[in-house]
Amino acid sequence: MSPSLLLGRLKAHRQADWDAYTHHDFVEQLGAGSLPRESFLHYLRQDYVLLIHFARAWALAVVKSDRVSEMRVASSTVHSLIDEEMKLHIATCAEEGISEDELEATPESTANLAYTRFVTDTGLRGDLLDLLVALSPCVFGYYEIGTRLAEKSGGPPPEHPYHDWINTYTGEEYAEVCATAGSMLDDVAHRTIGTDFEASPRWPSLMRIFSTASKLEAGFWQMGLDGS
Amino acid sequence: MSPSLLLGRLKAHRQADWDAYTHHDFVEQLGAGSLPRESFLHYLRQDYVLLIHFARAWALAVVKSDRVSEMRVASSTVHSLIDEEMKLHIATCAEEGISEDELEATPESTANLAYTRFVTDTGLRGDLLDLLVALSPCVFGYYEIGTRLAEKSGGPPPEHPYHDWINTYTGEEYAEVCATAGSMLDDVAHRTIGTDFEASPRWPSLMRIFSTASKLEAGFWQMGLDGS
Amino acid sequence: MSPSLLLGRLKAHRQADWDAYTHHDFVEQLGAGSLPRESFLHYLRQDYVLLIHFARAWALAVVKSDRVSEMRVASSTVHSLIDEEMKLHIATCAEEGISEDELEATPESTANLAYTRFVTDTGLRGDLLDLLVALSPCVFGYYEIGTRLAEKSGGPPPEHPYHDWINTYTGEEYAEVCATAGSMLDDVAHRTIGTDFEASPRWPSLMRIFSTASKLEAGFWQMGLDGS
Amino acid sequence: MSPSLLLGRLKAHRQADWDAYTHHDFVEQLGAGSLPRESFLHYLRQDYVLLIHFARAWALAVVKSDRVSEMRVASSTVHSLIDEEMKLHIATCAEEGISEDELEATPESTANLAYTRFVTDTGLRGDLLDLLVALSPCVFGYYEIGTRLAEKSGGPPPEHPYHDWINTYTGEEYAEVCATAGSMLDDVAHRTIGTDFEASPRWPSLMRIFSTASKLEAGFWQMGLDGS
C-alpha cells in the first residue's frame, strides 16, 4: 500500500526510473550482506552530508507552506533528519574512528552535489508541491527498500552486516515519518492540482522532477559502488 | 480590452478591491491636476524605492521561469523598470533639487515595505504564477489608470501639472510592456492551472494574492495623500 | 546582562529605536494592566499570524545555516514558535470564542505584512547574519519587556489581566530560547564579520536592518492600540 | 592583468584548482583544433542548458543586490547570456540540424546539474558576495581561456574548427562583460569583507566556494570528453 496517492501515480508513470533506483545493485548487495564495507562507508559519509541538505530542503518546505499544520509536519521532518536519522551515521562512523566533525567536513561528490542542490533549487524555482515531489523519492524509496530487504533477509538477523541500516528504514518511527509525509503530499497535491493528477497541465513537469530525483538517487548508489 | 484573460477574471471577482485602487482619491486628484505637489513628490520618492523592489521581484521571476522565452520577457521588464520607468522619477525629482542618490536613500514608509516585501515573499513562497499575480495590479493597473486619465483630461494638455506622469503610463512603450506581460501571464496560467481558471483548486489562493496586492496599491496611494 | 554581544552593540547604537519599541505605550499599558481588552485581542490575533511568518523566517535560517549545530538551534526555534508560543494565543483566544482556524485566517494588517515580509525578504536578499539581525528585536525584545514588566508588577499577581502574557516571556523556557539564540547570533557574527563589529564594512547595513525591524515592532504595538 | 582584485587573490590561493580547470584537456584539444566534433557538440548542448541556469543565477544576483548600479550590471549580464552568448550555441547547433527547442530540452548531465544548482543554491544560502564568487570561475575563466587559446593559435585562423568559440570569448563585448563584472565583484567584496580579503573570517568559506565552482567547471569539460 502506497503512503500517498500522488506517489503511486508518479511511480506508475516512471516505473523504470523508480526500479533502477530502488533495485540498484548497491541496494541488492547491501540486502545480501555482500556489499564491501568500503563502499558502504563511502556512501554513509556522503549520505551524512546529503541529510544536511535534505534537512535544509525540508526547512525550505516550512518556508513555502501556507498552513500551520503543514509547517508542523515539515518542521518535524527537519528534526527527524537532524536528530534521528543522522544518529545511525554518527554511530556507525564512530565505530570506524570517524568523528562527527570529520563527517560534516566530508568533501561532497559530484553525485551528491547534483542531487541535493537540484532539490533545493527546485524549491526556490517552484512551489511547495514541486519541492515535495523532488523530496519524495528519498523519503518513500528508502522505506520501500528497507521493507523489501527486511522481508528478504528475514528480519534481518543480528549478524547481518547492515542490520542497523535496514532497521533504521523499517522501524515504526520511520514508517510514521512516511505516513505523515505521504498524507501531507496528497493534501498539497489536491489543493494545488486537484484529484485527477494526470489531467493537470503540470503533470509532465511533475513527472520530470520525480524522474530526475529518482535518477539522481540511482546515481548516488552508483557513487557508493564506484567510490567516486 | 484586457491585456490578459487571467487578469480579466481576477478583476471580475475582485472588482471592489480593483476599483478602490484604480479610482483612489490620489488618482482622481492627479488626473484633475489638483493633487498637491507635496503629495505627488512624497509618492514619487517612495515609488522610486518601490521600483527597485519591483525590479528585484521581476528578476525573481527570471529565477523562477523554466522557459528561455519567459526569462527574456521578465528580464526585459527588469530593464524597463530600472532604465526607463525610473527616468521620470529622476528627472522630476532633479527639477526639485533631489538627486539620484537621495532618491535611492529615501526611508521606506510602512505602506511601501508592506507592498514590495509582500510581493518578493510571495515569489519565495509560491511558484511563478503566484509571483506574476502579485505583480499584476501594478503593471496593469497603472496602464488602466494612465489611459483613463489621459482620455478624461483630453491628452493631457502640456500645461497639466502631471502631464509627464500620465504620458509615461499611456505611451506605446508602456503599452507594449503590458501586452507582453499579459501574454506571458496567460501562458504561465494555462501551463499551471489550465484554461478554466475558476475550476482550479488554486483559484481562492490566487484571488487572495491579487486582492492583497490591490489593497496594498490603494494603501500606497493613501500614503501619498497622508504624507505618511 | 545581554544574551548577545552583537545585540548589545546594536542596541547601543540604536538606543532611541530600541526604547521606542520596548517602552511603547502599548507595553506600558499592558504592564499596568490598563490596556483595553479589545486592543490586546486585536494585537494577539495579528501576533498569531506574525508567529507563522516568524516560524517561516527561522526555517529560512535553517536553509541558510552551514553548520549542523546551528541548524539544530534554528529548527528548535521553529518548533518553539509553532508548538509553544502559539499556545498562549490559542488558549487566550479560545476563552473569547475565537477558534484556531479563525486565528489562522486573520486578515493581516499593513503593519503586520510590513514587518514579517521585511524579515523574510531580508533572508532572501542577504546571508544568515542579516536574517538573524532582522529577527533579533522580536526574540530579545520580548524577553526584555517581559522581564521588566514582571519586575514592575511584582510577579505579576494572578489577578493581573495580562498575567499569562507576561509569564510566557519571562519563563525559563523562553529564557533558554533567548540564551541559545543569543549565543548562535554571536557565533555567526564572529564567523562573518569578526569580533570588532563596528569595524566591519557591513556595520552600517546591519544597523539599518536592526533599526528597521525595531521600528516595525513599534509599529506593530501601535497597530494594537489603533485597532488598525 | 586580472579584471578583479578578489579574483586575483582567490586564484593565488587555489592555483591548482584553477589550472586544472583552465588548462583541462578539453580546452587544450579545443585550442589545438583536435577536439572531436562529437565532444564539442555534446559540450555545447549541455552548455546551452548551463547558460539558462547561469542567467537564472545572475537574475538572483539582481534580487540580492542593494544598489541600483549593481542591479544594472547583473541585469545586463542576464541579457548578455540570454541574448548574446547563446547565439553561438544556437547558430553552431543549427548547422548540425539541432533546433533551439531541442537545445532547450537537452537532458542535463549530472556534471551540469551539480554545477548550476550548486551556484543557485549558494545564492539562496549566502549573500551577494557568495553568489558572485560562485559565478566567477565561469565568467573570468572563459575569458582567460579564450585569450590564451587565441594567442596560441595566432588569431585563430578562419579555418580553425573552433574559430567561433574562441572568438566569442575574446571579443570586445565579452571583455567588457568581464571588466564590468570584475569591478562589481570588487565593489561588493570591499563593502562586505573590506580590503584585506585574507583577514576576513569569511575567507576560508569564500575559498571553498571558489574551489568547488572551479572543480565543477573542470568536471564540465570532462563530461564533454566522456560524452557522459
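Per-chain residue numbering starts at 1, and chain names A, B, C and D are given in the order in which the chains are listed.
Throughout what follows, contacts are C-beta pairs under 8 Å (C-beta built on N, C-alpha and C of every residue); 3 or more make two chains touch, one makes a residue touch a chain.
Everything numeric here is computed off the predicted structure, so don't read it as measured data.
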Copies subunit C and subunit B - interface residue numbers shared by over half, same or different: same
Hey, which chain ends up farthest from subunit B, C-alpha centres compared? A
Centroid of subunit B to centroid of subunit C, CA atoms only: how many Å? 32
Inter-chain centre distance, subunit B versus subunit D - centres from mean C-alpha coordinates, in Å: 35
So subunit B residues touching two or more other chains come to 56, 63, 120, 124-125
Okay, in this complex, where on subunit C does subunit D touch? 63-64, 66, 124-128, 130, 190-194, 200-202, 205
Spell out the part of subunit C that touches subunit B in their complex, as residue ranges. 56, 108, 110-111, 113-114, 117-118, 120-121, 124-125, 212, 216, 219
Enumerate the contact residues on subunit A facing subunit C in the complex. 52, 55-56, 59-60, 62-63, 65, 67-68, 71-72, 74-76, 78-79, 82-83, 86, 104, 120
